[in-house]
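One chain, subunit A, appears in both complexes that follow, with subunit B as partner in the first and subunit C in the second.
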Partner chain A sequence: MIDSSPTKSLIQFASVTKLYGKVLGVNDINLTLPQGAFGLLGPNGAGKSTLLNLLTGQLLPTRGTVRVLGRNPRNNPELMKRIGYCPGFEGLYTSISGLNWVTFLLEMHGVGRLQARERAADCMALVGMAEGMTRPISDYSRGMRQRTKIAQAIAHDPDLLILDEPLSGLDPIGRAEMTDVLRRRVADGGSLILASHVLHEIEAVTDSFLLISGGRLLASGTAEEVHELLFDLPVEIQIRCNDPQRLSGLIMEHGLADSVSLGRSQSGDELLRVATRQTAEFSAQLPNWIARYNLRVDEMQTADDSLQTLFNSLMKIHRGEL
Partner chain B sequence: MTVLFATVRFELSRVMTAGRMTWWFVLAGFPIVISGLIRIFPMSDAPEEADSHLVWSVAIYMLVPCITCAMGVLLSAGPAIATELEQRSWVYLATRPNGIFWLLLGKYLVAVAWATTAAVAGLTIAVLFAGQDTIIRIWLGMAGLCVLSSMTYAAIFMLIGAIAPQRAMLFCVTWTAGVEGFISLIPAVINRMTVQYRLRTLFVDWVQPGDEIQDEPLFALSLAEGPWYVQILWLVTLTVVFLAAAQVLAHKREFTAAAESDV
Partner chain C sequence: MPIHSLGYRKWSGALGSARSRWTVIAGIGIRRAWQSMWLRRIVFFAWVPGVLMAVAIYMFEQAASEGNASAFMTNGLVMMFLEGGERQSMQQNIAVATAAGQDLVAYRHEFWCKLLQVLYQRSQAIMLIGVVGITAPPLISQDMRSRAFLLYFSRPISRTQYICGKAATVACYVLSISLLPGTMLYCTGVLLSPDISIVLETWDIPLRILAATAVMVIPTTCLGLMLSSLTTETRFASFAWFAVWIFGLVAYLVTSSFVNDGTHTPLEMLSLFHVIADVQGWLLDVRSETKPDIAAPLAVLTMSTVVSLTILYKRVSAPMAV
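And now, the complex of A and B:
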């Protein structure tokens, strides 16, 4: 699991709980992250936005303490100089241009007007807004607004970038371009917290992630580290073959699976889904069955290397299904 | 100071829209129209010359420093926080170094400037309808009252906006009617805490509408004692206290845009 020395840590949550009246935002989160890039992954309503609001000092924890770069984020101007935040909602002034808006936000960091305008123009160009930056924001498409939001977050070159669903509303090209911008920041040593409910958006930028659901932190670390926690959990294997009923019978007969189910793939083919903890034994038996019972396996897939499997497994644990 | 200038410049650019400028002209036009109507349709028992100065100065005092200034800052300072929260732009500013402090201060200064300029523009033309040889005295006195009125009411409305952003306008109107309209006229100690009590005293001192008004027993009890600078000190103190309270509240409260549904 991720851990680091508190003095050099990126963020620290110590028994942090946040309640909105009787509604639970996040529940008893203990976490210390080192400098680096992390994906904050969880379904809608999992508590991601609450966590980010606690990180940026917009919310006070009901219980526990939050530290960002070693400091309390609440009303902390020194820390705000080092943080760039892109919220999950728009909230842009529509009557002014993107360039003027980013310039103003830079000026709020104490940057002189001319320098701020120059830097804002550079950042707008960096996010692919060189052409439209002088137009009023009301004329922007959703993707352009998203790019502008990212520009204001990175304009003052923060040590820590906190992004809430930064790729939502972008077309595939925009996603690729913005992912590239974020990757380059990470490669240059910048720290990043990237919240998303879409797994591959996070995978494209970092392999370290925090999984949150129901206000609780389910897991944190790299995919490999979380895998180590899950080695005793069943691996899900999907098999497309000519006789899935026969194969499922054989698997159950030999007691090699925790569960077997039949379903259909997106293309309509019948799929056999096997959850097993005895992958070695299963792999040894399968060729024998193929030879003896004239089975034809067209495709066999363990989504084991994908974060999706981890995510699914952790969510099942959280729901008590495993 | 760079940040304050930037905030004021940015907020000024945001009020230079067709909609906001229309309101500015409506505000400026209000005392002009009413004064024009008074001039065009004089009272049947037209006052003597001395009374005319009293009538015009009281009318202009009510129209400009009281109504136009209060309305101006009501429209600009009252919803200052609410508009940022409603359009969800608050967080962009709150995550800047001392962002909330500069934002509120910048919005306050722009609100005062917006209301004062409208009021003084209206005053400048409205006072011409008075047709008095005391026009300059009335104008100078009223212009000073406009600055003080806008300055103090804006601070009060900023505080109300920080206390109840979603109902800011309603509470501002209620405060103005209840406290400044009613309580300030009660001849008791409580009226000394109102802005009107101080403004009224300065009005009598600076514009000198006539002895008659001070001879009225009820009105005399509604005027403060002491020189003009004491009244200004009171107004400045009230402004600083209300503004500071608004700042403290805005920093203490969790004005996050994340609704419970966003958790």
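And now, the complex of A and C:
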């Protein structure tokens, strides 16, 4: 688990709750992080962007206080000098070139025009945009726009980088390149908060995680600890077959499942849901049963990805169900 | 061959003063607005009325140096700029004065001011509606829609600097169609006059031009930006902007056809076109003979500016809406 003390902290959340009317954005978050790199991991709608918007002062907490680098981020231009923000939304002026956009945002920090242009060109080259940087942003692909957003976030050499899904829309090569850029920053001692719903994206940059779901900070720890949690959790498998009663009996008979339930799919077919930790043995046994008992499996899939399973399980732990 | 490191490099350039950062916002706003073909056309043609009036000044100075008042009074080009009542009154004044042996130059100040008033009230006021209607509506609404708004405030700028930057964008174009042609007209007058000492006689006119321009720029810029801040749809802001002028004009025409007792009715005060014209006439020392009261138009302009600025500041300062 992350060891942190309030002194020289990167961020501090004290009983922070954010409500959007009746909808809960984040719920009673207490957290102090030291300088360093952290991944904010959670499924879509978990509250990651809300948390980041609270950090950049774009949102006011309904309750509680937020401190970034020891300061209140709301309407704090001095603090913003030290923060680089790559938003999850577009936020670009499409009629101007990427180079001009990054130059403009740098100029807002007080950098002289020529210096800003030079620095912007360097950063655009760094994110692999040397060729397309003078073209209007409207001509950019999603990946190119994403690279431009990363360039503007790092251009003024901030102490803290806040990145909201920075790798979404990038092709595998782009992901690798941008991951490398971020990794180098972390290696240079820069602090970073990277929000994503993809585990390996964060894992490639940092091994410190914050797990958020349903607006609650469920856990924090290292990649190893997350994997341990994932390993220990049952995987939910959905099977559509001609004789689900017999198959469920076989599974229970061999003790291969934590739980088995019968339900119906949206199309009305009978569906067998199996929660198992012994996926390898289950996979080995299933073809034998199909051959021996004349079963026909029409469809088999995991209910959702393992990360969602992790979050669901963490929520159950919080509710005392596990 | 040496291999260059293209990785992340620290940057430690000097930063400029925070006070000038609004100019960066204004700069990009001006460049983006200039991409509009219609705006370029209006700004180009904004000089035409001024040039025509410069010819009228030339005629005046020519007639004054020749002592030929009647030639001046019957000149169609000169008189076309003056409305029926004004034309008759000026012709009568000059006729009486010349009959009494007075020189035409005694009417120089009055004539120049009248020309400036006509310049502002007729041609430039119409252009003003177009210029603000093109530049102001997208300035904040687009930022809110694309969420560039939030990227701005992840930079070390305050809300006031943001508003100043946006206001300067609009003001720049309004000044280019008001202050510059007005000043050009005055300078032409000075250059065409027989003696440079004319400056002593007309020293107040540049100040009057400045004040008349401020009356055009400040309330309209605030109103335009306020409308832009109320919506994320630029077209709604544009529609509201033009509607304000059209409804105001209709209200003025309808009420002035019924009530003509020399006072301003509340409905007449809805016409920004006439309210601005009244105050400008007063500032240019050319009072309306039918409605000399200036308190009501001044109060309307002040109130409109204060309300617009208050709403604008509240909208820009409000935490992000989700």
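In this section, the second predicted complex is superposed on the first by the 224 of 322 C-alpha atoms of A that agree within 3 Å, B and C clash if a C-alpha of one lies under 4 Å from a C-alpha of the other, contacts with A are read in each partner's own complex, and residues count from 1 in each chain.
Criterion: a residue touches a chain if its C-beta (ideal position, glycine included) is under 8 Å from a C-beta of that chain, and two chains touch if they have at least 3 such contacts.
This is a predicted model, so every value here is computed, not measured.
Undergrad: Sharing subunit A, do subunit B and subunit C clash or fit in the superposition?
TA: These partners clash in the superposed model.
Undergrad: Is A:Thr56 touching anything from subunit B or subunit C once the two structures are fitted on A? First, second, both or neither.
TA: In the superposition, A:Thr56 contacts both subunit B and subunit C.
Undergrad: Which of the two partners, first being subunit B and second being subunit C, lies in contact with A:Phe104: first, second, both, or neither?
TA: Both subunit B and subunit C are touched by A:Phe104.
Undergrad: Once the shared chain is lined up, is A:Ile29 touching subunit B (first), subunit C (second), both, or neither of them?
TA: After superposition on chain A, A:Ile29 lies in contact with neither partner.
Undergrad: Which of the two partners, first being subunit B and second being subunit C, lies in contact with A:Gly45: first, second, both, or neither?
TA: In the superposition, A:Gly45 touches subunit B alone.
Undergrad: In the overlay, answer first, second, both or neither for which of subunit B and subunit C A:Leu286 touches.
TA: After superposition on chain A, A:Leu286 lies in contact with neither partner.
Undergrad: Touching A:Ala125 in the superposition: subunit B (first), subunit C (second), both, neither?
TA: The second partner, subunit C, only.
Undergrad: Which of the two partners, first being subunit B and second being subunit C, lies in contact with A:Gly91: first, second, both, or neither?
TA: A:Gly91: touches subunit B and subunit C.
Undergrad: Determine, under the contact definition given at the top, whether A:Gly215 touches first (subunit B), second (subunit C), both, or neither.
TA: first
Undergrad: State whether A:Val68 touches subunit B only (first), subunit C only (second), both chains, or neither.
TA: Neither: A:Val68 stays clear of subunit B and subunit C.
Undergrad: Of the listed stretches 19-27, 55-63, 91-99 or 199-207, mark the one in subunit C with C-alpha atoms clashing against subunit B.
TA: Given the superposition on chain A, subunit C and subunit B clash at 19-27.
Undergrad: Enumerate the residues of subunit A that count as touching subunit B in its complex and touching subunit C in the other.
TA: 20, 25, 50, 53, 56-60, 75, 77-78, 80-81, 83, 85, 87, 89-93, 95-96, 100, 104-105, 107-110, 112, 152
Undergrad: Going by the contact rule at the top, pick out the subunit C residues touching subunit A in the complex.
TA: 6-18, 20-21, 24-25, 27-28, 31-32, 35, 146-159, 317, 319-320, 322
Undergrad: If you look only at subunit B, which of its residues touch subunit A in the complex?
TA: Contacts found on subunit B: 2-3, 6-7, 10, 13-14, 17, 87-100, 102, 251, 254-258, 260-263.
Undergrad: Report the residues of subunit A in contact with subunit B in the complex, numbered from low to high.
TA: That would be residues 20-21, 23-26, 45-47, 49-50, 53, 56-60, 75, 77-78, 80-81, 83, 85, 87-93, 95-96, 100, 104-105, 107-110, 112-113, 152, 215 of subunit A.
Undergrad: Show me the residue ranges of subunit A that touch subunit C in the complex, using the header's touch definition.
TA: 20, 25, 50, 53, 56-60, 74-75, 77-78, 80-81, 83, 85, 87, 89-93, 95-96, 100, 104-105, 107-112, 115, 119, 122, 125-126, 152, 154-157, 181, 184-185, 188
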